[in-house]
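Which chain is which? They are A, B, C, D and E, in the order written, and residues in each are numbered from 1.
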Amino acid sequence: MSEAITAVFILIGAFFVLVGSLGLLRFPDFFTRLHGPTKATTLGLASLLAAFVAYAAGTESGVTVREFLITFFLFITAPVSAFMLGRSALRRRVDSVAPRPAAIDDDEAEDDPA
Amino acid sequence: MEILIASGIGVVTAAGIYLTLRARTFPVILGLTLLSYAVNLFLVSTGRLAINAPPIVHEGTKAYTDPLPQALVLTAIVIGFAMTAFVLVLALKARRELGSDHVDGRE
Amino acid sequence: MKLLLIVLLPLAGIVLPPVLVRAGRTASAWAAATPTALALVLLAGMAPTVFEGGVVEASWPWMPALGLNLAFFLDGFGLLFAGLILGIGLLIILYARYYLSEDDPMGRFYAMLLAFMGAMLGIVLSDNILLLVVFWELTSISSFLLIGYWRHRADARQGARMALAVTGAGGLCLLAAAILLGHVVGSYQLQAILAAGDTITASPLYLPILGLVLLGAFTKSAQVPFHFWLPHAMAAPTPVSAYLHSATMVKAGVFLIARLYPALSGTEEWFVLVTVIGLATMVFGAYGALFKDDLKGLLAYSTISHLGLITLLFGLNTQAGVIAGVFHIINHATFKASLFMSAGIIDHETGTRDIRKLGGLRHYMPVTMWLAAIAAASMAGVPLFNGFLSKEMFFTEVVVESERLGGIGWLLPVFATIGGLLSAAYSLRFVHDVFFGDETGALPRHPHEPPRYMRVPVEILILICVVVGVVPSLAISTVLATAAGGVLLQAPEPFSLALWHGFNVPLVMSVLALAGAVALYYQRDAAERWHERTFPAFTGKGCFESVLAGAIAASRRLTAWLDDGSVQRNVVLVIGTAVVMAAAGGITGGLDAGSRALTPAPLPAVAVWLMGVIATVVVALRHHDRFLALVATGVVGLLSALTFIYISAPDLALTQLSVEVVSTVLLLLALNVLPKETPHESSPGRRWRDGVLAVAGGGGIAALAYAAMTRPLDSISRYFLETSVPGGGGHNVVNVILVDFRGFDTFGEITVLGIAALCVYALIRDEAHTMASADTEARHPRMLLIGSRVMLPLLAVVTVYVFLRGHNQPGGGFIAGLIAAVAMVTQYMASGVHWTEQRLTGNYFPMIGAGLLTAGFTGLASWLFDVPFLTSTFSHVNWPVVGDFEIASAVAFDLGVFLTVVGSVVLMLSQFGKQQPPVEGR
Amino acid sequence: MLARLFPNPVLSGFVLVIWMLLVDSIGAGAILVGVILGLIIPRLTQGFWPDRIHFRRPKVLFTLIPVVVWDIIAANAAVAWIVLTRRNRDLRPVFLIIPLEIREPHGAMALASIITLTPGTVSVQFSADRTTLYVHMLDCPDETEAVEDIRTRYERPLKELLEC
Amino acid sequence: MLTVTLYIGFAAVIAAMAMNLYRLLAGPTAEDRVLALDTLYINAIALILLVSIQFADRIYFEAALLIAMMGFVGTIALAKYLGRGALMD
């Protein structure tokens, strides 16, 4: 039983991990590429962790939940990383498909006298 | 596996040597970093390869890999970091004093 | 014990004179005299035993593993020398008190003198040949200091350096000889070596040993061609010359020859080498002395000559020769010391030592005249004085020997006579030119008798000369017999010391010598002219200097060639050499793979390997884009961490990961100050050369690693694995090794880490700025701000967890420390240096210190349970709620590690963080 | 008394939970150590918490969390679909500009995170005065609707939870 | 059955890592490289999880946790460096 659950979760996880990197690979500009890893990969990992938990539940080592700590952790950090990267991309005027809102510029002007 | 590790060590070493022979401080430091990766791997590998046999003693007879090189390398990694920091400081200092980051202090 | 004291008293006394000199020069002199006198008394206490043929021994282990023991023994010969060293030492101390002028630092002088005395005593008393060598070198060094006592004088410094160079080199030869001897005999104990004479002379190593020993001895006792340092050592204050070059330093060489006589003598090689060198030295020295205008120079050459004479006597391989040699050692010590002191007095009272300026002093210092005259007579071998007796014995021996040799043997007595003649001639010159003749009026000072006590030492010595000379058998024969017995290892057959042996060849030779001397002296101007025509100014000093200069120039050229100031070039040289050496080793030693079964490589491993290779190659080839290179290096680091995990090294993986991120931050901080791009400047040629070098090196390492991994392993780690839990109380063997088995290494390593951190801090302290920065969104984006603050407690908990589990699961002080450091660094990055450091409870220096102290004290604590440093003690405590919980002292040690790591890492990173980018164009 | 022991109860609870997760046990020992850490760590890290979290209406969590979790899964499904099917030239990426009502920093941060984790949006920038959030949207048919959606779905509950 | 899925999992993760590596080396922007590195870290965790399922060993938990944390810190360091030269101002 637990094997079956494990297998399912592994497959889901593998799928999302793959999709995440695929997005990183094929999207046209940085901002679009940003989406794949921050979402899909995170979820994919979550499901792989679930797979591990399910698997451990089946073995003698018994039920374990600490793996969820990693998930939780990623849910905190992934947005921060994404934000920081997007931010720096904006500041450095990395070219993007999406039209760059004028608001950002004047607000950076006042923001960063340096 | 042995072949992979050995060749891997070789490649990293080669890159490390090549970079340490560069003319600017930063590549040299990167080269030293690579070299320390290679050396650490090499030292561990002298304990021979053992898969899924970490040196954590369990009940029941279980094969363990050689812990001694690991203990050696663990401190080596940390010291390696200190070394990197120190070399970097020298690089910064040299850059400030000489206005150039050429290892010979002159363009 | 007493024996050891004899050596230690002078050495321990070193401290006294410099201290007591504040209480006046006399006090200082007393301070030097007391230990000497005490040692002399101790020696006297042992004398009876020795005279009855006994040997006093004492031994303490020093470095038994090396066969080096503090072993001393006192036999007849040792007694004689120790007596000379201490006795004459006392006289010299008294003499120097009056000789040295007000502005000479007297404390230093006596300290050096005592040091030298102790070293000499060590030589003559040690029963371990290695110990002997140690003291031998000590004499070289202390004599260097004594000769260079007048630091302000260039000639003194040069003379000292020359003496040190020559005798020091000789000492090294002696060391080699000592080791060879120990190897041949199987023991470094001197008495054992002396007893094993036949073994040594039989062994194939005999010639090398003999050569090395003689090199040591000849350099020390200034035998031709190593004589040249002695005259230049005359730049020393006269008391030093009187001491070093009459009784002690130069005699050490003779002592060595005599001491090892039983071990090495009796062979043709010995006879030829020692006799010929001795003879040559005797004649050369005597000849040289004849034309010296400096009193001390004259005495120096005469010393050389007499040392040659003694050497020759020991070379003859006959018992009588040995007796004569020992006898002349005594006599020479007495008359030469007194002569030096007289010369000193003359110098002291007239202000010059130049024979050409001196003259007619008999009117001003009659007593000194008499003393000098008697001493000189003794040196010349005039009857009724001790020199005569030993010279007679010498002549006798030579004659006997020449009869034995036949063939060109007659040369021996001829040269002996010439030597005697010359020595008589310069003795005559010494006395007559100085005290008689008419005044030259060229004296810097108005001469007069020296202070009373300055003359006392001379008088004592002269008394000995006369007594021995008149009633030898009463005065000296027992001493002589005992001493000779010490050399020969058996009591010598009875010999007669008498003034009158009837008309025989030796007597004729003496008469010839004396008569010829007078004749030569009166023809001295002619002789001088002849000398100047035949011998152009050619001095040993010249060769020495030129050799020295040559060596220096050569090494300069070599250095210049190796290091032209280009670091890049040096690195190439170093790595190239390493590659070549390794290749040589690999080719000769063989790097063929072993028999060990290979581990299967699953697909993921191959993939990871491939990525690693790609990333590495990119780092190497595209390093000009520094940011890319940095990121790619990060990939390599991550993959190597994965490898560690896969080959079951979890601890390493954890460490690698943490270090990886801190180094990344570090490099970024540096990149902030350094240029962002690397210019393309290397020529293709150079790139190719480096590439080839790199590939060669990498290939070599790969082959080596493969060979290592495939060969079977028998590791000492079995012990660690077995004793980890019962002995170290931890399941994580790596951690137990770190904090327990090899705790001392770890202690050293964290110390290094702390030092490195402090150096980093100090080196760029001047450029470090922490100004408060406005808390704008641009500087401290809110997302990161809040995110990092949420992370902080989380990381803290993880740190605690990793630390506590470290002893039994992957983790421990190092890793926990790194995690904590990372947590801190995150704060720095999110909120800036200023904001963060405002909120820090303490700074990092106490942290590092506390860490090291904790670790250290934990180690010391294990002494309380008298087990070795850093032995872990642990116990299982059953806490009420928590359940079975283990407390190991190792945990405390690990805490020390933790603190040190945190402190060091954050200190370094924050210091880098305070660096401002340089203003361009600087 | 308790208030003085736990100046920052949310944080302390957080620490306790983390610890129990780490040691993977709900035994008394784990709880004890966890509580001790809950006592110590907030004290050590006090300086770094200029302003602390107060849950005004904790029960909001029970409605918010499920919504978010569900949206995350949905988001990924959607993104996955786009990644796999949509051709690059058909993408309609835009930058959304969201004026914030919520001022409480943690709330704003949470909002930004949630936005990043949910349908095709990544928050990439706060304005200088931190009153506006710039969000990149991978594929946006109608901007105003998207903005409104975000504000109703997440900002309101967060406001309720932490402010007013 | 589990073994098969494990292989699929490995294949997927490896493929993902390969793509990341490509993005990391190809760029074009520095942000792309950093993002790729970050993703690579997360994929590494996935790899470790799969391995530990394969070996039925839980010892790799710490490693996974640490990679998550360090990956994050590394990423924000690189990102902050890019966004604004100074890392700790």
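One rule holds for everything that comes next: contacts are C-beta pairs under 8 Å (C-beta built on N, C-alpha and C of every residue); 3 or more make two chains touch, one makes a residue touch a chain.
This one's a predicted model, so the numbers in the text were calculated from it and none came from an experiment.
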{"item": "Set of chains adjacent to chain C and to chain D", "value": "A"}
{"item": "Top chain pair, ranked by how many C-beta pairs fall in contact", "value": "B-C"}
{"item": "Whole-Å gap between the CA centroids of chain A and chain B", "value": "31"}
{"item": "Whole-Å gap between the CA centroids of chain B and chain E", "value": "21"}
{"item": "Centroid spacing, where centroids are CA-atom means, of chain B and chain C in whole angstrom", "value": "37"}
{"item": "Rounded Å distance between chain A and chain D, as computed from the means of their C-alpha atoms", "value": "15"}
{"item": "Shared-contact residues (touching 2 or more other chains) in chain E", "value": "11, 13, 17, 34, 59, 65, 69, 72, 76, 80, 83-84"}
{"item": "Multi-partner residues of chain A (at least 2 other chains)", "value": "15, 22, 34, 42, 64, 66, 69, 73, 76-77, 79-80, 83-84, 87, 89, 91, 108, 111-112"}
{"item": "Contacts with 2+ other chains: residues of chain B", "value": "52, 54, 56"}
{"item": "Residue ranges of chain C in contact with chain E within the complex", "value": "603-604, 607-608, 611, 614-615, 618, 627-628, 631-632, 634-635, 638, 641-642, 645-646, 650, 653-654, 657-658, 660-661, 664-665, 668-669, 671-672, 773, 778-779, 781, 784, 787-788, 791, 795, 798, 802, 809-811, 815, 819, 822, 825-826, 828-830, 832-833, 910, 913-914, 917"}
{"item": "Partner chain A, residues of chain D touching it in the complex", "value": "18, 21-24, 72-73, 75-76, 79-80, 83-84, 88, 91, 93-95, 97, 112-117, 120, 122-125, 127-128, 132, 134, 136-138"}
{"item": "Footprint of chain E on chain A - complex, ascending", "value": "3-4, 6-7, 10-11, 13-15, 17-18, 20-22, 24-25, 30, 33-34, 37, 41-42, 44-45, 48-49, 51-52, 55-56, 59, 61, 64, 66-67, 69-70, 73-74, 77, 80-81, 84-85, 87-89, 91-92, 94, 112"}
{"item": "Residues of chain E that touch chain A when the two form their complex", "value": "1-2, 5-6, 8-9, 11-13, 15-17, 19-20, 22-23, 29, 31-32, 34-36, 38-39, 42-43, 45-46, 49-50, 52-53, 56, 58, 61, 64-65, 68-69, 71-72, 75-76, 79-80, 82-84"}
{"item": "Chain D-touching residues of chain C, taken from the complex the two chains share", "value": "776-778, 781-783, 785-787, 789, 792-794, 796-798, 800-801, 827, 831, 836, 838-841, 879, 881-883, 885"}
